[in-house]
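Let me begin by presenting the structure, written as structure tokens, before commenting on it.
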Amino acid sequence: MPLFDGRVLANTEIASDYYQMDFSWPTDVRAPSPGQFLTVRVSRTAVPLLRRPFGISGFIPAESHPADPPEAIASMIYWRRGPATALLAGLEPGDTLGVMGPLGVGFPAPEPFSVPILIAGGVGVGPILFLANTLAAAGYAPLLLLGARTASSMPRVNAHHHVQVRRSTDDGSLGFRGTAIDLLEQTIGVVSGRLEIFCCGPEAMLRAAHECAVRHGLPAWVAMEQTMGCGVGACMACAVRVNRPERYARVCTEGPVFRSTEIAWE
Amino acid sequence: MGVDLSVAIGGRTLENLVGVASGTYGYGSEYEEHLDLTGIGALYTKAVTMHPRPGNDVPRIVETPAGLLNSIGLANVGRERFVEEKLPGFAALPCAVIANVAADFPEEYAEVTAYLEAHDPNGALWGYEINVSCPNVKAGGVALGAVPRQVELTARLVREATDRPIIVKLTPNVTDIAEIGRAAEAGGADAVSCINTVVGMIIDVEARRPVLPAGTGGLSGPAILPIGVAATYRVSRAVSIPVIGMGGIMSAQDAIQYLLAGASAVQVGTANFVDPRIAPGIRDGIVAYAQRHNLASVSDFHSLLG
Amino acid sequence: MGVDLSVAIGGRTLENLVGVASGTYGYGSEYEEHLDLTGIGALYTKAVTMHPRPGNDVPRIVETPAGLLNSIGLANVGRERFVEEKLPGFAALPCAVIANVAADFPEEYAEVTAYLEAHDPNGALWGYEINVSCPNVKAGGVALGAVPRQVELTARLVREATDRPIIVKLTPNVTDIAEIGRAAEAGGADAVSCINTVVGMIIDVEARRPVLPAGTGGLSGPAILPIGVAATYRVSRAVSIPVIGMGGIMSAQDAIQYLLAGASAVQVGTANFVDPRIAPGIRDGIVAYAQRHNLASVSDFHSLLG
Amino acid sequence: MPLFDGRVLANTEIASDYYQMDFSWPTDVRAPSPGQFLTVRVSRTAVPLLRRPFGISGFIPAESHPADPPEAIASMIYWRRGPATALLAGLEPGDTLGVMGPLGVGFPAPEPFSVPILIAGGVGVGPILFLANTLAAAGYAPLLLLGARTASSMPRVNAHHHVQVRRSTDDGSLGFRGTAIDLLEQTIGVVSGRLEIFCCGPEAMLRAAHECAVRHGLPAWVAMEQTMGCGVGACMACAVRVNRPERYARVCTEGPVFRSTEIAWE
């Protein structure tokens, strides 16, 4: 039963116009894996009408924290950019969040003994953070590259202590000066081991990550975005061009995570 | 008081008049994974066409005030893979399955229908909804569904291909939808459904081009509720076959408006995206209303409008 | 950068392309009492008819999802009292005043126009908007505005009655609105405006009858924005006279969609009820956008859609 | 300038589903008179779309209370019945209220030395209360008859001490058992002096008050209601049938208050 009412537990601004929302997740709903998403019903009126998709940025199983009755805690990180996310930003602890999820196919596990390099920009930070923390807990030593325009738009995130975080800003006001992809190039140059790339962010970043991976002969996984209607594969709205005879795949069902070489980059 | 929400169409009966509209519930399996489809009267499938169609460029949908504009481009696997991949699953569904058929000209509608007939020996399909209202499909520049003669011909040819119920789905993008409804009836349709989406366009003012690469799209959702109710009312008064109403239904109240306007059944479309469990709740709401107003069956709704 | 928001129609110029739509701003005096009309480009009056019309039974409006359904019934004081009571006030208004003319058949449109011409020696009226799109007005069962020949004839007869700009207002309730636009142009219209309201119906499920005693009404407001933009786009590509776009404009962004779709001017209707000061703000928003995108005049908006 | 942003000062439930909202009223806006109304923009989205009209239930001029900068306080009493009033009920002190007003024609002053009898039912209580308090302050001794279905739906109101309040409930759970019109009949029978009737409430009550007034040869004033578009006389939506050649008058401009004999009761 993937439709449930979550209870907002916290809703905190973690960068300028970026928020993290923590909410309860019933024990009878399957635990999400990194890269999966959920859709949220933001309004009871017809405006905004559609549910909105968000990646999952963290998950604490019921066993890992005290609660009576037991429940898990899920999180998402969202950018306040339009009507739906403005409504989300107005929610307070105790408010109800209509959730459908977990949906879609998440990130695959990296090859054993490989070094996962995770790159996030913009709204991609949530899924990538969840992946980083999950991999760290599983014994990997992921590198997490976070890109932002400027220091104030760099989200404050809680990363597992085995995650090595590096930050880049376009204006150099925090960390590396340049894009996250510049940082990726630099990182690939200095890190040794079998590298595997995982990226979530704006499409231009995904494409650049893909091209970088191809240049270096590395496998890369990208989490795609597309406007969604149903979120479950029924409406064919969330198409993404792929290198297959059918020409399109559905982000909500075949994705959102794809091997970067599967995507027919424009 | 017992309330009978069944509806008879072309010699068959749908036990529950609340269906889910074509293009919004896939082939059932998508939602079924997540939800129990019990409580849904009929699943109208995504359009099936002669050949597979990849669909249009992206984005394919955009939200509008209280509405949804789509240009999916009839993305579907085509009749052959429909028969191979989708049909086998229908028998297990707890609801009637009605194949929505789209094509480029009247003979092709009949051909797709005949193909499905021939490959469904066990009767997994309850009937056919003939989508003559797709804005992409043109008959000499004008949409086929806007030309009464073409609609009548289409109904007639499909009628020759099957004995199962045929529902002709009407477009609202015409001067006189009642006339099109009469043409469908004259051609032998067992019912008409209305409305398909309304032509609309939304422009991205920063990019300075239409949001949908196809330019225009089809508007659905609450925004079109009054348009659908008016169309249903007009068509209901013009034909004597059952009318299946839709457009913007988000609640039992909305569905009841359609029934009072003359519809014998309804379909829920865009609302499924907002709440995939909504159709059974709408059915329950209609039952409660019927009890409160002492209406025993759907025909009792119709006497009210005179 | 200076931005020129003027638009030339039939040899005259409107300095500001943002107007307030017929039926939503009365005759100016109603709002003027409360507000400064500076910043409004043109006031399109409530329809003027041959004889006074009391209007329809009440209620005359009902809210729908993101929309407004109305059946006012052309309530107005008629051409004679219009000339006596309303016309004298127009000279004092800071904006152009365009008389919206409604009638039952082509000759009557010309007669009302001729009457206004004859009684406006000082030119208080900037021009005429010929409302051929009123759903109540029928030409042999079908709305006059849905029949190209009738629209052309109406434009031609009105053209003979006046040298001032004539704008023919189109209805969206037709199969092919571009064809109607071409007919207006052929008849001699200086511009077309679109869209008038979309036919709709809302039923009071407790009373079990339409909320509006007239049954159907005309849908306006944000719900119809995509319908109006699509119509404006189609008409703009079909005619070479200016197109005035409207339907659901609530913001500068909405108005810009119309301009990008090909409109040379816009009208704001239902939004005035929500915020009567909205039109000047929309003008300011268009100017700011034009500056940001380096557009010097309205024709620069049009090159964008190709 | 009749369009302004008021500041919500209080929003209190005064009976089951009845609320009184107090809000600031700028000093440069004309003071309202009883029977006039205002329209409120309830939402920034398209749902609900239209402004909603409400009668004014009280007004404290800036001179009569301390405030810095000086501002008046207006009140309205509303019934929470649909989307717009539900949103209003959610407003809190400090929130902004988009107001247009005062609008329309209010109640006329009663003849000098007459005894005003004021009758209110349902949402009519606000305007009638404002009238009662205004008349009492002007030296009249108004009788205020308040009708409700049952005790819990009888709004708690602050009436001037020169207002004589009598209450009726349909079920007799509070005050007189019967309708406010039954109470009116009874009152007319026992009160002496030149009576004048002022009524605001559901249309059936207005008609009954009118008929009662006609029976007793008394003048009566009624405040009508009709769905409104513009609120200022421009759209012709708010028609009410009157005994005039034009057949209809506009509630927002010629009304909302009419002499009861002007109305063409159906």
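Here the chain labels run A, B, C and D in written order, and each chain numbers its own residues starting at 1.
Everything below uses one rule, namely that a contact is a pair of C-beta atoms (placed from the backbone, for glycine too) under 8 Å apart; a residue touches a chain by one contact, two chains touch by 3 or more.
A quick note: this is a predicted structure, and the numbers were derived from the prediction, not measured.
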item	value
Winner on C-beta contact pairs when A-B is weighed against B-D	A-B
Centre-of-Cα separation between chain D and chain A, whole angstrom	54
Rounded Å distance between chain A and chain B, as computed from the means of their C-alpha atoms	36
Between chain D and chain B, distance of the C-alpha-averaged centres to the nearest whole Å	48
CA centroid of chain B to CA centroid of chain C, Å	34
Contacts with 2+ other chains: residues of chain A	46-47
Junction residues of chain C, two or more chains touched	65-67, 221-223, 250
Touch-based graph of the chains, sorted into line, ring, star, complete or other	complete
Parts of chain B lying in touch with chain D, wherever the complex brings them together	65-66
Chain B contact footprint on chain A (complex, rising order)	1-3, 41, 46-51, 100, 226-241, 246-248, 253
Chain B-touching residues of chain C, taken from the complex the two chains share	64-67, 69, 142-143, 146, 173-176, 198-203, 205, 208-210, 215-217, 219, 221-227, 229-230, 233, 248, 250, 253, 256-257, 260-261, 289, 293, 304-305
Chain D-facing residues of chain A, complex	45-47, 83
For the chain C and chain D complex, residues of the former touching the latter	23-27, 30-31, 33-35, 46, 52, 54-55, 58-63, 65-68, 70, 72, 75-76, 221-223, 250, 270, 272-277
